[in-house]
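As C-alpha cells, here come the structures.
Each of the two complexes below includes subunit A, the first together with subunit B, the second together with subunit C.
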Partner chain A sequence: MTTQTHRRASRFAADTAFATFIALLMGFLYIPIWVLIAFSFNDSSSLSWPLSGFTLDWYAKLAGNEPLLRAIRNSFYVATGATVLTLLIGVPAALALHRFDFPGKTAFRRLILLPITLPGIVTGISMLNMFKLTGLSLSLETVIIGHATALVGVVVTQVYARLQRLPPSLQEAAFDLGAGPWRSFVDITLPNIRSAIVGAGLLSFVLSFDEIPVTFFLTGRENTLPMYIYSTMRRGITPEINAVGTIIVLLSLGLIILSVLMTKRQGPGR
Partner chain B sequence: MTAIIELDHLSKHYSPAIIGVDDISLSVGDGEFLTLLGPSGCGKSTLLRMIGGFEEPTAGTIRLAGQDVTALPPYRRAINMVFQDYALFPHMTVGRNVAYGLKLLGCSELEIRTRVYDALKLVGLYDKLKLYPHQLSGGQRQRIALARAIVRRPKVLLLDEPLSALDAKLREQMQTELKRLQEKVGITFIMVTHDQTEALVMSDQIVVMEKGRIAQKGTPQQLYDHPASIYVANFIGTTTFLPGAVEAADQTTARIALGGGEIAANIDRPFARGERVTIGLRPEKIRILAEGETAANVLAGRVSEVIYYGLGLRLGVTLADGSRIFADLLLPDTLARSQVPPVGLAVRLAVAPHNVFVFAGEEAA
Partner chain C sequence: MSALRRHLPAVLVLGIPLAWIVLFMLLPYGILATYSFWLKKYPTFVPAFQFGNYLTLFTDPQYVLVLLRTIKISLLVCLASLLLAYPFAWFLVYRCRSAQIRTWLYMAVIAPLWISYLLRAYIWKTILGTEGVLNSFLIWAGIIETPSSIFLYNQFSMVVTLTYIFIPFMVMPIYTALEKIPANLNEASADLGLGPWRSFWRVTVPLSMPGVAAGFTLTFCLSFGDFVAPFLVGGPDGNLIANVITTQFGSALNWPLGSALSVVMLVVVLGVVSLGDRVERRSAAGGF
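Moving on, here comes the complex of A and B:
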C-alpha cells in the first residue's frame, strides 16, 4: 500500500517537473514575441511595463511611413528573387548530383555547401569585390545574387537528401509502366520531393528576408527591411517597429500554414 | 511451344574481373512460368533486369516475340516487372497506381476504369481502390504491384524475388496463388528467387544459375531427380555427398567403392574404372532396414544424431570410415515414436541404385 502511494507521489513529481520544463521552454521561445505584439498595441511610445492603453496608432503610422513600406517591398522582392533563383539552380543541381556519378562528385558536394558555412561578411566582401571587378553596379539584384550563393547549399542539401531516400525502384517502375525520363520525373520523382523543395524554398525565403551582412555590402541605395530597422534602431526601438514585427510574425504564420497545406494536399507522404 | 523470349549469347561484364552474366543463351516458351534460381551473386537478377531493359548487356541480343529489343529502354518494351520492394508510388492511391500504366498507353477513361477494376478484382483487392500503399499490409501491396504490372497485358511479366518480403505462412499461400493467377492470365512469367521450394512449387521450367552461367535447365522434377552437377544437387533439396572410386561399370550401372562400404548406382553416361567420383544421396530416399531384411545396396553404420523436425526425423548415421550420411524417417503415426532408433544403435541403410547420383570428380567443399 505504502509503496503504491510512494510510486504515485514520485510519478506526480516527475510529471510536474516535466510540465514545468515544457512551460519554461515554451516561455523562453515565445514570451519575447508576445511582448513584441503587446507593445505594438500599447498607446505609449516608451517601452515600459505596465501597458498603458490600447491603440492602433502605430499601425496607422506605419501605413504612412513611405521609407519603411519601401523597405518592406524591397525585402519581399529580394527574398522572392533569391528563393526563385536558388530553386532554379539548386533543384537541378541536386538532381544531377543524385543521377550522375562523376569524378570529384564528393568535392562538388562539399564546395556547394561551403558558402553556407562562410560568415556573411566574407561572402559580402568577396561578392562586392567581384561586382566591382565586373563593373556591375550595386542594386537589389546584386543582393539577390549574393543571397542565392549562400542559399543554394540549403536547397541542394535538402533536396539531395530526399532524393537519396527515394527508392530507385520507384523511377524504374515508372519506366516499366511506359513513362519516359521526363514523364517519370514529373509524375513520380517531383511529387515525392515536393515537400523538400517547398521546405527548402521557405527556409531560403526566411533566411534571405532577415539577412543583414551580405545585404549590407551588396545593396546600392535601396534598403531592405532589416537594414531599415537596424538604421532606425540607433534612435531607439519605436512601437512602429513592433508593429512591423507583429505583421511579420502573422505573415510567417500564414506561410507555415500555407506550406503545411501545400505538402499535405497531395495525400499522405509515407 | 513458340518462344516469346530468346536470349542469344547474352553477357554483362561490369569489368574484366566482375562478370554479372556470362554468355547465356536461353529460350522461354510463350505462357511458361520460368524461374531463375541461384544464390545471391549468381547473376539471376542481372539477367532479369537485362530482359526488362534496366541494365544494358555488354554483348548478345534479347528478342521479344521475334523482335530484337536489346537496345530498347524499358518504357518501349511490352514487358512489365514486379519489383522486390513493390515500388508502389507512395503519393498515389491504389487505383491511380494501377491506372498509371494504362494512362500512358493512352487508353480512354472508360477503358482504364474497367481494366483497373478487372485487375484489382483478379487479385481480390477492389475494395482498396482509394487507399494509399502505406495503408496496406505487405501481402496486399504485393498483390497491388502484381495488378499494376499485369493490367498492361504485357507479353512477359518479370518478378524479382516477389515473395521474399512476406512472412513464411503468407509466402506459402502466395506461391500457389501466383501460380494459379499465371495460368489464368496466360502471360509468360519469369521469376527470380533464391528459394528452391518456391521454384519447385511454381515453375514449369527452372534455370539454375552459377557464377553468371546456366548450371542446368529443366522441369522441377528433372532438376530434383536428375541434377547435372554437385552444385545443382546441393542447391535443390538436401544431399549428402560421399567421395568414392568406380570399381566396375557398364553402360547403365556402376559399382562404386566408398570409404564405408560399396554401392551400386544407375548411370546415364560412361565412367572409367578407377575414376574418382562423388556420389549424392537424398535423405528421404534412404530407408532403414529392419532386422534380417535385405536390399540391393546396404550401408552399415551407427546412429550419431537424431534431429526432430515435426514431419519426421532426420538421422545422422556414421559409417565405418567416419563419414556421415543422413536418412529421413517419416512419422505418420505419433505412437511410432517409440520405434525411434536411439543414438549409438547400429543400423543398416538401404538405397535403390536409381536413387544414387554419381558425379565425376570430387566435391569442391
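Moving on, here comes the complex of A and C:
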C-alpha cells in the first residue's frame, strides 16, 4: 500500500517535471517568434521592451520598397527553377537506388545525399571556382544550379522512403500484365509516390526560397529575398525586417498546413 | 535500335542524376582541390602545386584558433541540442499517452525548420542585443539596472542561436530511433528485475544510439559550416571557419587559401559523416 502511494507520488513528480520541461522547451522555441511578430506592429524604430503602440507603418513601407519587391520576384523565380530541377534529378535518382543494382551504387548514394550534411558554403564555393574557371558569369541561373545540387538529396530521401514502402508485387503485376517500364511507372509507381513528390517539391521550394550560403557565392548582381534581408541586417536592425519576417512566418505556416493535409490524404500509403 | 529503346528508360533514370553528380559535384570538388594548391599573387592568383596554403592553416595561430573555436562551438551546440532533444523525444515516445498530443508536440518542434533560417538567427540578435528585447525587459522588470552586454557577441549567444536553429535535426532521428525500440524489451528487462533507471541505461540508451549518432552528425556538420549566425550574434571574436572562408573570397581576395579552408571543411564533414555511419551501423548490429 505504502509502496504504491510512493510510486504514484514519484510518478506524479516525474510527470510534473516533464511537463515543465516541455513547457520551457516550447517557450524557447516559440517566444522568439512571437517577439518577432509583436515588434513588427510596434510604433517605435527601436526593438526594446515595453511595446509602445500599434502601427502598420512598417508593412506600408514594405509595399513601396522596390528593391525588396524585386528580390521577392527573384526568389520565386529561383525557388521554382530549383524545385523543378531537383525533382527532375531526384526522382530518377531515387528510382535508380530503389530498382537497380549497379557498380558504385554505394558511392552514388553517398554522393547524392552528401549535400544534406555538407554545409552550403562548400557547395557554393566549389561551384564558384568552377564557374570562374569556365568563364560563366554569375546570375540567378547559376544560383538555381547551386540550389538544385544542394537540395536534390532532400527529394531523394523522401521519394526513396516512399518507394521502399510500396509492395513490390504492384510492379510485378504490372509487368505480368504486359506493361513496359514506362507504362508501369506512369500508371502504377507514379500515382503511389505522387504525394511524396509533392511534399518533397514543397520542401525544396521552401528551402531554396530561404537559402543563403550557396546564393551568397553564386549570385551576380541580382538579390534573392534572404540575400536582401541579409544585406539590410548589415546596416542595422529595423522593424521593417520584422514585418517581412512576419509575412514569411505566416506563409511558412500555410505551407506546413498544406503539407500536413497532403500527407494525411495519402493516409494508408504511409 | 530496339535494344536502345528498351533500355532508354533505365539509361535516363540512372544517367540524369549521374551526369549531374559528375558535372556539378565531382568536377567542382576537383577544381576546389586544385585551387587549394594555387598561389596568391597580387592582385590575383596563379596556378601552382604547393602546400603553402595548408601549411598556413595548420601553423598560423590565427587559423588554428578559428578551427578549434569552430569545433568547440559545434560540439557545444550538439551537446545542448542533445540535452534538450533526448528527454523531449523520450517523453513523447514513453510518457505521452495521447497520440494526438504526441503528433502536435512533434510537429511543434519540427515546424520551425520551415521558417526562414535567416530569420531565426535574426530574432536572437534582436532579443540578445545590448538594447535588445531581453535587456530592456530585464530593466523594465527591475531585475537589472543598466543594459548588460553579456548576452550578445560572445560564444554563449552563438551556442543559443545555433541550438535554436538546429535542434529539429537532433529531435527527428532520436524520436525515430526510440519509436523503433520494441516495447516488450523494456518489459522484459523489468521482468528480469532491472529498475527503471538501469533498464533506461542498459536497454533504451544503447538501442537509441543510431538516432543520437545521426542527430550528432547533422547538427555538428551544419553548425560547423554556418556563417550567418556567427556574423549576426558572434561579434568580432566570434568568427568561425565559414566566416574566414567568406572573407578570403571577399575582401581578402585569397581564393587559394579560402579553397584550402573549404577542402578542410569538406574533409572534416566527410570524416564526421563516416564516423556517424559507423556508430549507427555498429549499434544497429547490437555491437554496442
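Just so it is clear, the second predicted complex is superposed on the first by the 231 of 270 C-alpha atoms of A that agree within 3 Å, B and C clash if a C-alpha of one lies under 4 Å from a C-alpha of the other, contacts with A are read in each partner's own complex, and residues count from 1 in each chain.
In this text, a residue touches a chain if its C-beta (ideal position, glycine included) is under 8 Å from a C-beta of that chain, and two chains touch if they have at least 3 such contacts.
What you are looking at is a predicted structure, and each value in this text was computed from that prediction instead of being measured.
By the touch criterion stated above, A:Phe185 is placed in contact with subunit C alone, subunit B being left untouched. Of the two partner chains placed by the overlay, neither subunit B nor subunit C lies in contact with A:Pro67. By the touch criterion stated above, A:Gly220 is placed in contact with neither subunit B nor subunit C.
In the superposition on chain A, A:Gly236 makes contact with neither subunit B nor subunit C. Once the two structures are superposed, subunit B and subunit C can be ranked by residues of subunit A touched, with C on top.
Of the two partner chains, subunit C is the only one touched by A:Val122; subunit B is not. Legend: residue contacts after superposition of the two complexes on their common chain; A:Gly27 is shown touching neither subunit B nor subunit C. Using the contact criterion defined above for the overlaid structures, shared-chain residue A:Ala173 touches subunit B, although it does not reach subunit C.
No residue of subunit A contacts both subunit B in one complex and subunit C in the other. Contact residues on subunit A toward subunit B in their complex (touch as defined above): 167, 169-170, 172-180, 183, 187-188, 191-192, 266-270.
Against subunit C, in their complex, subunit A makes its touches with residues 15, 18, 21-22, 25-26, 28-30, 32-33, 35-36, 39, 46-50, 88-90, 92-93, 95-96, 99-100, 102, 108, 111-112, 114-123, 125-130, 133, 145, 148-149, 152, 181-182, 185, 206, 210, 212-213, 216-217, 226, 229-230, 233, 237, 241-242, 245, 248-249, 252-253, 255-256, 260. Note for the complex: subunit B touches subunit A at residues 52-54, 73-75, 79-81, 83-85, 87-93, 100-101, 104-105, 132, 134-135, 148-149, 152.
Across the interface of their complex, subunit A is touched by residues 9-10, 12-14, 16-18, 20-21, 24-29, 31-32, 35, 84, 87-88, 91, 95, 105, 107-109, 111-112, 114-120, 122-127, 129, 131-133, 135-137, 140, 164, 167, 217-218, 221-222, 224-228, 232, 242, 245-246, 249, 255, 258-259, 262, 265-266, 269-270, 272-273 of subunit C.
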